[in-house]
Amino acid sequence: MHHFANPTRFLRLADRIQPWAASLTMAFVLSGLYFALLSSPADYQQGETVRIMYIHVPAAWMALFCYTALAVSCAAALIWKHPLASLAGRATAPIGACFTLLALVTGSLWGKPMWGTWWVWDARLTSVLILFFLYLGYMALNNAFDDPERGHKASAILALVGFINVPIIKFSVDWWNTLHQPASVIKMSGPAIHSSMLIPLFLMALAFKAYFVWVLLIRMRGEINAMKVRALRMRQVHDAEQNRSTPVASEAG
Amino acid sequence: MNSFVQIVRRDLNLSFRQGMDSAMVVMFFVIAVVLFPFGVGPEPNILMRIAAGVIWVAALLASMLSLERLFQADFEDGSLEILVLQPVPLEIAVIAKITAHWITTGLPLIIAAPILAVLLNMNADGFGMLIAALALGTPSLSLIGAIGAALILGARRGGVLLSLLILPLYIPVLIFGVSAVDATLAGLSVKPHLLILSALLLSSLALCPWVGAAALRQAMRS
Amino acid sequence: MNSFVQIVRRDLNLSFRQGMDSAMVVMFFVIAVVLFPFGVGPEPNILMRIAAGVIWVAALLASMLSLERLFQADFEDGSLEILVLQPVPLEIAVIAKITAHWITTGLPLIIAAPILAVLLNMNADGFGMLIAALALGTPSLSLIGAIGAALILGARRGGVLLSLLILPLYIPVLIFGVSAVDATLAGLSVKPHLLILSALLLSSLALCPWVGAAALRQAMRS
Amino acid sequence: MVQFFGDNLTCFRGGRIVFADLSFSLDNGDALVLRGPNGSGKSSLLRVMAGLVDPVAGAVTWDDIGNGSSIQSDPDAHHRHIHFVGHADAVKPVLSVRENVSFWAKLRTSAPDVDGALSALGIIDLADVPGRFLSAGQKRRVGLARVLAAPAPLWLLDEPATALDAGGIEALENAIRAHRAGGGMVVVSTHQNLQIDDPHRLNLDAFPGREQAYE
Amino acid sequence: MVQFFGDNLTCFRGGRIVFADLSFSLDNGDALVLRGPNGSGKSSLLRVMAGLVDPVAGAVTWDDIGNGSSIQSDPDAHHRHIHFVGHADAVKPVLSVRENVSFWAKLRTSAPDVDGALSALGIIDLADVPGRFLSAGQKRRVGLARVLAAPAPLWLLDEPATALDAGGIEALENAIRAHRAGGGMVVVSTHQNLQIDDPHRLNLDAFPGREQAYE
């Protein structure tokens, strides 16, 4: 009967994790920024603009990671009907959309010096833009119904359909010739960039991940509260019905 | 199979008696295309250059607009609820409705397209390929769009919402549909593009009825 | 005048509480524009050449789509019937609803337009004029579209029908809206174009509320 | 003294005559109950009275508006005299019950008695609840509260008891009684048993001239 | 022998428990009448029985389908056993009354008795009239004719008497009587007075356990 199992246990767990997530975020951001801005070298080709990488790449990774997390929680919500799963999906989507936007914006900022233009219509960039629309579509559908339950289910189906886009983004650089550079960190043969860049990159990636957990918990707490408010509303309606205590119309038969 | 035929026949029947359905989709298609010479100016070589793209984009928008009501009317008058409760697999019902929809809207688009291509100064060599690409592409559009049409049932602002949900999913069809035509005009091989269009069609044929049926069941839950 | 304010305030209220209304129109606008680079290919100078036209056509389509529901929701839940029977001139009610609609959809379009202009490589000199032209043009679109929105009430396939009714009426706004931007980019005088846009706005302001009210009364007859 | 009457009305809908040569008149405090089987034209008559449907012959007239010319000649004055409750309740899901009622009331009077109306229909407890949480019967009460919140001499009610439970029906009957005691008039169509004192009755099945269509 | 029963059903809708631990069972020839004020869960229970809404606990089961596994395990067989009549009548405006009924009937049986069903509900005269010309009560009759035209052992009727006049209600009662005499079962929710012989009764207001959600 997990449908109306009270989420108190989850909240207690969240209370314990949240301070850790917050402090880890701070620690990783500070150390990551130190390495990224001060102790790592400028690129021999790209100069100082290479430092955009320490935001851009982790943000792009998080954009993909969040969508995967969204799809997994939507699948869990549809198959096992666990209310926390659908809640997690709803809480993840806006965070993922923000990371996607961040990746798009930092990518554009980087593109201007590197490629001489803010935007090109190549496979990688376009598929990320589509990812952004999918996030927006998920959120829009989620909120489009008077009955929230219906919005959650419909948007979960959409999120699963849209998951097709994630491998397309990942492999777009391999399948099509594009301006965007192919994977150099995460690939079979091991990372192909120097460790002085790798360390800050990973520190920032960890920082983003911890930040994600932190914000996710806050947002889930908010969602749970919203549900409680809803339940109170319902009770108000029901109590009003009870107070009138109207007699049922005379029995048939 | 018998119920498949029953449902297709009834939907065609409804569409013909209500009249204008097909006509209106075609006219939207034509008007949307005709807006472009007004928008981008009448220079023939610019128009020629963008003809295939504009026709495909207009076809996407027309297909999307007409799909909005694929399940909507049945949802509103209670038919959908009854359909879900018939001893007929819902997937069959969904694919029957999509078939009827494509016959009444997709087919007329394909017929109208060459005329618009003439209006936009497209090179006559491309006409055949335009038709072929649309014939392979529009069924995919109907199939993909059916998912969106099922998801938005009962939502506020269905029309705009639908566009947000399915236009991103239409993009692969658009890309390969246009490149098939462009490849013909440039004298290159069209085989890879047509193969991908067919693959898109087959995979949406395999996937969409199931997802659409699941979405419809979901819509009935409330 | 008091009832005008009441109705505007209620419609804005509804739109904000339902959330996402404005957001969705903007998103459709963005997606429709984004389709074009897929359609016509990514070459920057072609895109630059057609940017203003594409943005205007997308604005037309977005305005049209969002207008579909201008009276629809009120019609379906019975509010319109009651509104028609209030001791308030129906023309006032119509113009109040149009005003609220423009604030929630036209204004956001104007704000989003420059970003799309960047995506399409439009020359930055044109941005200011694009905004000015949209600011003069979109209210006309809302006014003209309201007539269509009233005429389609209760019709089957409202969406496609609406596009047929009003897209042709939108063409003058499109032509002069685009030529204002193009004139700026070409360094020519924009005054005549802006004057015509203003004239279109004034005449639709004078005419459309009356026609719209008549159409609404007609819709109530059945 | 306000009086409302219809003369020799003929209504033509969906390709056939729904009723012909129908007349009625209402004095202050009168109630007219419309009866008849399905499809006999009750809803159509109410819509003619409201001015939503034009009769093909005959006219509906107020004694005190426009010197005996029909309601079509001065719609605003006519609208100020009537409240119409149709099949739909016009409850917006995102507005609270109070907001739903007061929007309509404020279009008619600057100082409406919204809370009084909500109390009379037993939904004052729901005043701040958004419309989407209401059940069918509660929505109906909101639709009726709109009528009580801003006074008008004539109420036109099309099956007002639909979806109401016993308590709701009693509240409705009381409201009609009070309205008539204050000189108001009411026209009601219903299939159910509504307690209305000294009603005039109009049986719509008695009007000939139908069923000639489709033959 | 066909039997249909639900065990310890709990239904959760719109963020709250509508009913909990509800059980029922139906034998051939039985009728179950659902009672309760607005919002008590009558429609919800009928939708659970139809399989349109899944209960969060408990199961609805046929004795003769799938060896006592729930209706979800073989929806097609379940659908072959039931007819569901909800609030909407699914009448297409451009199809004639006969076409409306026979489309649905043909999905279930190749030789449906459409005209017999129309006669039983007193709308055989309207057989060739397009749906758009029907009044509320006539539409309801068309919705009920669909049930008569193709037999199924269990009828689930949600407020079937809505908008029906006295003649329509009598036709409905007769149809239910004949169906039960032939061994059929029926579940009805209603606010009105329907004459049903020896009904089992289920008062939905008696189910506790709501309002615990999210607390």
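Chains here go by letter, A, B, C, D and E, matching the order in which they are written, and residues are numbered from 1 within each.
Heads up, the rule we're going with is that contacts are C-beta pairs under 8 Å (C-beta built on N, C-alpha and C of every residue); 3 or more make two chains touch, one makes a residue touch a chain.
Just so you know, these numbers come straight off a predicted model, no measurement behind them.
Student: What is the chain whose Cα centre is as far as it gets from that of chain B?
Tutor: So the farthest one, by centre of C-alpha atoms, is D.
Student: Through what angle, to the nearest 5 degrees, does chain B rotate to match chain C on its C-alpha atoms?
Tutor: Rotation angle between the two copies comes out at 180 degrees.
Student: When all chain pairs are ranked by how many C-beta pairs they have in contact, which pair ranks first?
Tutor: B-C
Student: Just how far, in Å, is the C-alpha centre of chain C from the one of chain A?
Tutor: Taking the mean C-alpha position of each chain, the two centres sit 33 Å apart.
Student: Mind checking the centre-to-centre distance between chain B and chain D? Centres are C-alpha means, answer in whole Å.
Tutor: 46
Student: Counting only residues that touch at least 2 other chains, which ones in chain E make the list?
Tutor: Those would be 14, 37-39, 191-192.
Student: When you check chain A against every other chain, which residues touch at least two of them?
Tutor: 126, 133, 136, 140, 144, 146-147, 149, 234, 237, 241, 246, 248-249
Student: Counting only residues that touch at least two other chains, what does the list for chain C look like?
Tutor: As it turns out, chain C has residues touching two or more other chains at 18, 20, 24, 27, 31, 38.
Student: Which part of chain D faces chain C closely enough to touch in the complex?
Tutor: 50-54, 76-77, 79-80, 82, 84, 86-92, 94-95, 99, 103-104, 106-108, 110, 146
Student: Mind listing the chain C positions that touch chain D in their complex?
Tutor: 2-3, 6-7, 10, 13-14, 17-18, 74, 76-79, 81-82, 84-89, 220-221
Student: Could you pull out which chain E residues touch chain D in their complex?
Tutor: These residues of chain E touch chain D: 14, 37-39, 128-129, 132-138, 140-141, 162-168, 191-192.
Student: Which chain B residues qualify as touching chain C in the complex?
Tutor: 18, 20-21, 24-25, 27-28, 31-32, 35-36, 38-41, 46, 49-50, 52-54, 56-57, 60-62, 65-66, 68-69, 73, 156-157, 159-161, 163-164, 167-168, 171, 174-175, 178, 182
Student: Looking at the complex, which residues from chain D come into contact with chain A?
Tutor: Going through chain D, the ones touching chain A are 93, 122-123, 125-126, 129-130, 132-135, 138, 165-168.
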